[in-house]
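Okay, got some structures for you below.
In the two complexes that follow, chain A is the common piece, with chain B as its partner first and chain C second.
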Partner chain A sequence: IAYLLTHPSSICAFLKMACQGLAKGETTNTLKAESESLKAKLEEERAKLHDVELHQVAEKIDALGQFVMKTRRTLKGHGNKVLCMDWCRDKRRIVSSSQDGKVIVWDAYTTNKEHAVTMPCTWVMACAYAPSGCAVACGGLDNKCSVYPLSLDKNENLAAKKKSVAMHTNYLSSCSFTNSDMQILTSSGDGTCALWDVESGQLLQSFHGHSADVLSLDLAPSETGNTFVSGGCDKKANVWDMRSGQNVQSFETHESDINNVKYYPSGDAFATGSDDATCRLYDLRADREVAIYSKDSIIFGASSVDFSLSGRLLFAGYNDYTINVWDVLKGTRVAILFGHENRVSTVRVSPDGTAFCSGSWDNTLRIWA
Partner chain B sequence: MAQPSSCAQSSNGVADESPNMLVYRKMEDIIARMQDEKNGIPIRTVKSFLSKIPSVFSGSDIVQWMQKNLNIEDQVEALHLGTLMAAHGYFFPISDHVLTLKEDGTFYRFQTPYFWPSNCWEPENTDYAVYLCKRTMQNKARLELADYEAESLARLQRAFARKWEFIFMQAEAQAKVDKKRDKIERKILDSQERAFWDVHRPVPGCVNTTEADIKKSSRMKQPHKTRKIQHCQEQLDRHRLKMSKVAESLLSFAEQYLEYDPFFTTPEPSNPWISDDVTSWELEACKEAGQQRVKRWAFCFDEVMKDPVGREQFLKFLESEFSSENLRFWLAVQELKKRPIREVPTRVQEIWEEFLAPGAPSAINVDSRSYDKTTQNIKDPGRYAFQDAQEHIYKLMKSDSYSRFIRSSAYQELLQAKKKKSKNLF
Partner chain C sequence: MSNNNASSSSVAVAQKAVKQLRLEAKIRRINVSQAATDLKNFCLQNAHKDPLLVGVPSSDNPFRPPKSCGLL
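Here is the complex of A and B:
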């Protein structure tokens, strides 16, 4: 038995044998005990490989100097809270959505508004730019995700060409095109994520596993990747296989809702922002939480996170109207950015990493560099 | 007087608290420490002209206390947090409707727990009407209505014209009770009541901190029954890396890409957002890749594959080795996965014919296991019909062709090429 229990795969074989016995009508109590003991074994296995902390290893690299980050553009035009934004791959255009139902496409560089759509519902919580730059997707309290092709003709009524793609049974919290204009991945307050074919509106795959509202998702950055991560009100961050619909990895260390998830640029890790006022880094290879970004003086929830291109910096927007910039490796805060006059609801780094955009309940968006 | 609505209290108290509650509790913990007899903020009564100002402390007192007790080095940060706590109504300036914290001699008072936001107050306009009406009945200069309050009162009078008599009566009753109170007590209570309304009916232009995120107000509460045991078993099977290895990997990735991160290394010639000059974007868009960009392709195979110019160069190289069908197959399958579902069966057939069928013009070499699986898959063609074959080909290119590409003279030449100067563009 001693030999069996030292090797992870042997533990599994051992438990598999034990489980076969269970199939013959054991009570739910023994099932629960089995589940608890498995969980404990899992934590034990994870802990065995925890030989050092990330910030300890990071002691050998230089601390970051002072950063000069300022608001370089302010985008005014929304009549109510900005809830979401996304960058176009051309590195300068963005789409943003608001509580008053408006979705606006801007050239952030010139601050000109290029398109505007009024959605039939309020609280448009999700919006995304298509990879081609020729369409945007959005949705919210209408429980749907709709795609609007962007016309070069400014006078054309965008709303007329709207295409309804996704249907959930509760609000749409987040949406993202996969590497193509033809598929959209959505997350919803109904506790599920789903992959849709844009042209037909057909559901290609659904993802079940969260036990409460799913608030955010992010696709893995790899060219070959077929995975994405999601986070929600059940305090869990789940990694999914897009092909099979399976939940391949799960992390539960936050103390409250996970509002946002974002992959580390290498795709080996991801960060989360939560209502428990912390941001955390989880590594997929170590299969555990590897860093917590928090301070006693930060008591309001983190609504949104994103990495700089190298992954060294984590930009996090908070409900206390500020943006905190963290040194991802050392775990320390590098800067605190003031400027917004109400909650920061969304933070996204531009595709080439030259700037990041923040959207706020103060009705404005800001570009920082 | 308005009543607090019945809050969603779960039987086990802490566990089911909504996110707003989480922050309220944290602020209340800080308030409790601020009110501590020994280590808190000293509260005093100040003599002013012929009267006394009871139970106050100054803005600087608050900021100093916060810096000392909450580990806040920066004064600006302390002011910001203090302003937020004031905006939520936990303490307030006694002479201003606008709830901010100023680091000077301005006097502040603590709010009574009865009025704390954690009691889930949702006061109605009728309550506000009664309150404003009562204020007009009290003949104190300090209780005079501000302009915005007078406007609100006028609006409410029009809206509730029919029941105004009733509102007036309530206001009268409350004013009567107030008159009976001790003078000092009244000063304090009046200011606290006013601060309550400053939170729930803020001065125009001020943030209403009671606004909630709609996603958080209607939460799904049915835990799905997840198959925990099987899931745990699968997780146990996972191969994990040691933290030390993982940490080294994260460090080296960040280090390698630091020179490509505009927050650390200014792009050539400048960051468009800062300099208002889009040259660096124009350079990026042109077909000839500069040295820095070419250097990246050597970091890992994925870097070549995600840069369109990299793919082009890699394809050229493969053509020279007469093995370009591998990359073309991989690209075709990637493209297949991006098509609308309607087009998939046709495309699958086309790819099969071109690359895998017996006698295919661009025959690729896959292991027999993948080949058999693919043969099965195309009978019921889906987006992942070629997944196994594609993975095999990717591994092949990565372990074989890619390393030769990086060592090839074609690649080395690109690497040595002088950095493109911006003036060469025009």
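Here is the complex of A and C:
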């Protein structure tokens, strides 16, 4: 300011810039400086409220007893790596997708295959069951998300009724129906997430903010409103407002790709699984990471996570073929489950919480209870 | 002129980043102690309804016992 006051010509130049709009006066350097100072301020504000650790609050709770969880069903039929699975709301049907392009619908009680579709692409990385149980959505290297209505006639060719809904410019990594069969949320290797109308295929909202592939998304439990969380190769987990497309909160504490994100059942927090071999819990109201689930002996990436119904247990599938079960509050591991003969790629608890299903690169799915 | 375009687009990117950070800095936060207590209470209140946590009798769990036509 002193310089400006002693050099009238600069005042003119300055005022000219000011009149042309404040934007012109900001250079990349001043903006970068403001960026850095805002980041520091964010960390400072978050740190001020960091008065205790989650496990300290949980000290007085009884420790969990021994867990006996075994494989109760093995679903065999995929010819290649299982990449994704989802439960139907009827708590017994499951849809799974594989590297070889096959999407299979199973009855998990009997292990019978009820439907099978062959996709026109390999690496079907995403699949989801519609809330009605009448359709499934899937996609992968075709960069699309397609919906297949499930026919009661087992002989009907499902591929004939296929509807292309989403179009990305890179692979589809994850998809999820919202509360109805009418809308689908997708995430992609193109760095974006998007909300689509199933009937028309119209793009309703797009979500920009990740700076690399988005690998996973999860919708907030319906009671908590219209938000979802996404995680990706930029090591960030972002929370989004579905209506405005706005990124409302962002968390960057992982040291590598975030492979999977899942909301805590109350909607106030979410867990992540990452290639840095840790799972973490982030609380949305405290706006920070509140727990890390890790051990020196765990050195392979966590590919998938899900909570038990009460949120007390976190099931995590790893690239070392195991599933670790964590006590979410105390931060300790309560069980290791062996059985798969290759990477565990997906883990999902059933809608009524009686079992969970894991899918693996060993071509099988297992139901544990 | 082309120099101008390149610098104005990087300014635009930087402006976006600053705008986003300002938004994030403004949100209201609560203490970890309060957030953690709420997480703990939710777990404890719902524990009895969590089959994988408390276990259910085999007769109530559709996945146990294993299906009858076994290895034979």
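The rule is simple: the second predicted complex is superposed on the first by the 342 of 369 C-alpha atoms of A that agree within 3 Å, B and C clash if a C-alpha of one lies under 4 Å from a C-alpha of the other, contacts with A are read in each partner's own complex, and residues count from 1 in each chain.
What we mean here is this: contacts are C-beta pairs under 8 Å (C-beta built on N, C-alpha and C of every residue); 3 or more make two chains touch, one makes a residue touch a chain.
None of the values given here were measured: they were computed from a predicted structure.
When both complexes are superposed on chain A, chain B and chain C clash. By the touch criterion stated above, A:A269 is placed in contact with chain B and with chain C alike.
Applying the stated contact rule after C-alpha superposition, one finds that A:Y171 touches chain B and leaves chain C untouched. In the superposition on chain A, contact of A:F338 is made with chain B only, not with chain C.
Once chain A of one complex is fitted onto chain A of the other, the partner contacts of A:T27 are limited to chain C, with no touch recorded for chain B. When the two complexes are overlaid on their common chain A, residue A:T111 makes contact with chain C while staying clear of chain B. By the touch criterion defined above, A:Q66 reaches neither chain B nor chain C. After overlaying the two complexes on the shared chain, residue contacts for A:A286 are found with chain B and with chain C alike.
Residues 31, 34-35, 38-39, 41-42, 45-46, 49-54, 56-58, 61, 69, 72-73, 91-92, 109, 209, 247, 249-250, 264-266, 268-269, 283, 285-288, 290, 308-313, 328-329, 352-355, 367, 369 of chain A contact both chain B in one complex and chain C in the other.
Every residue of chain A that touches chain C in the complex is listed here, in rising order: 23, 26-28, 31-32, 34-35, 38-39, 41-42, 45-46, 49-54, 56-58, 61, 64, 69, 72-73, 91-92, 108-111, 209, 246-250, 264-266, 268-269, 283, 285-288, 290, 308-313, 328-329, 349, 352-356, 367, 369.
Those residues of chain A lying in contact with chain B across their complex are 8-9, 11-12, 15-16, 19, 31, 34-35, 38-39, 41-42, 45-46, 49-54, 56-58, 61, 67, 69, 72-73, 91-92, 109, 123, 125, 141, 170-171, 173, 178-183, 189-191, 197-200, 202, 204, 208-213, 215, 222-224, 233-234, 243, 247, 249-250, 256-257, 264-266, 268-269, 275-277, 283, 285-288, 290, 295-297, 299-301, 308-313, 319-322, 328-329, 336, 338, 341-342, 352-355, 361-362, 367, 369.
Chain contact summary for the complex, chain B toward chain A: residues 19, 22-23, 26-27, 30, 70-72, 74, 76-78, 80-81, 84, 207, 211, 214-216, 218-224, 226, 228-229, 231-233, 235-238, 240-251, 253-258, 260-264, 267, 271-274, 278, 280-281, 284, 302, 305-306, 334, 337-342, 383-384, 387, 391, 394.
Within the complex formed with chain A, the residues of chain C that make contact are 7, 10-11, 14-15, 17-18, 20-25, 27, 29-40, 42-47, 49-53, 56, 61-64, 66-67.
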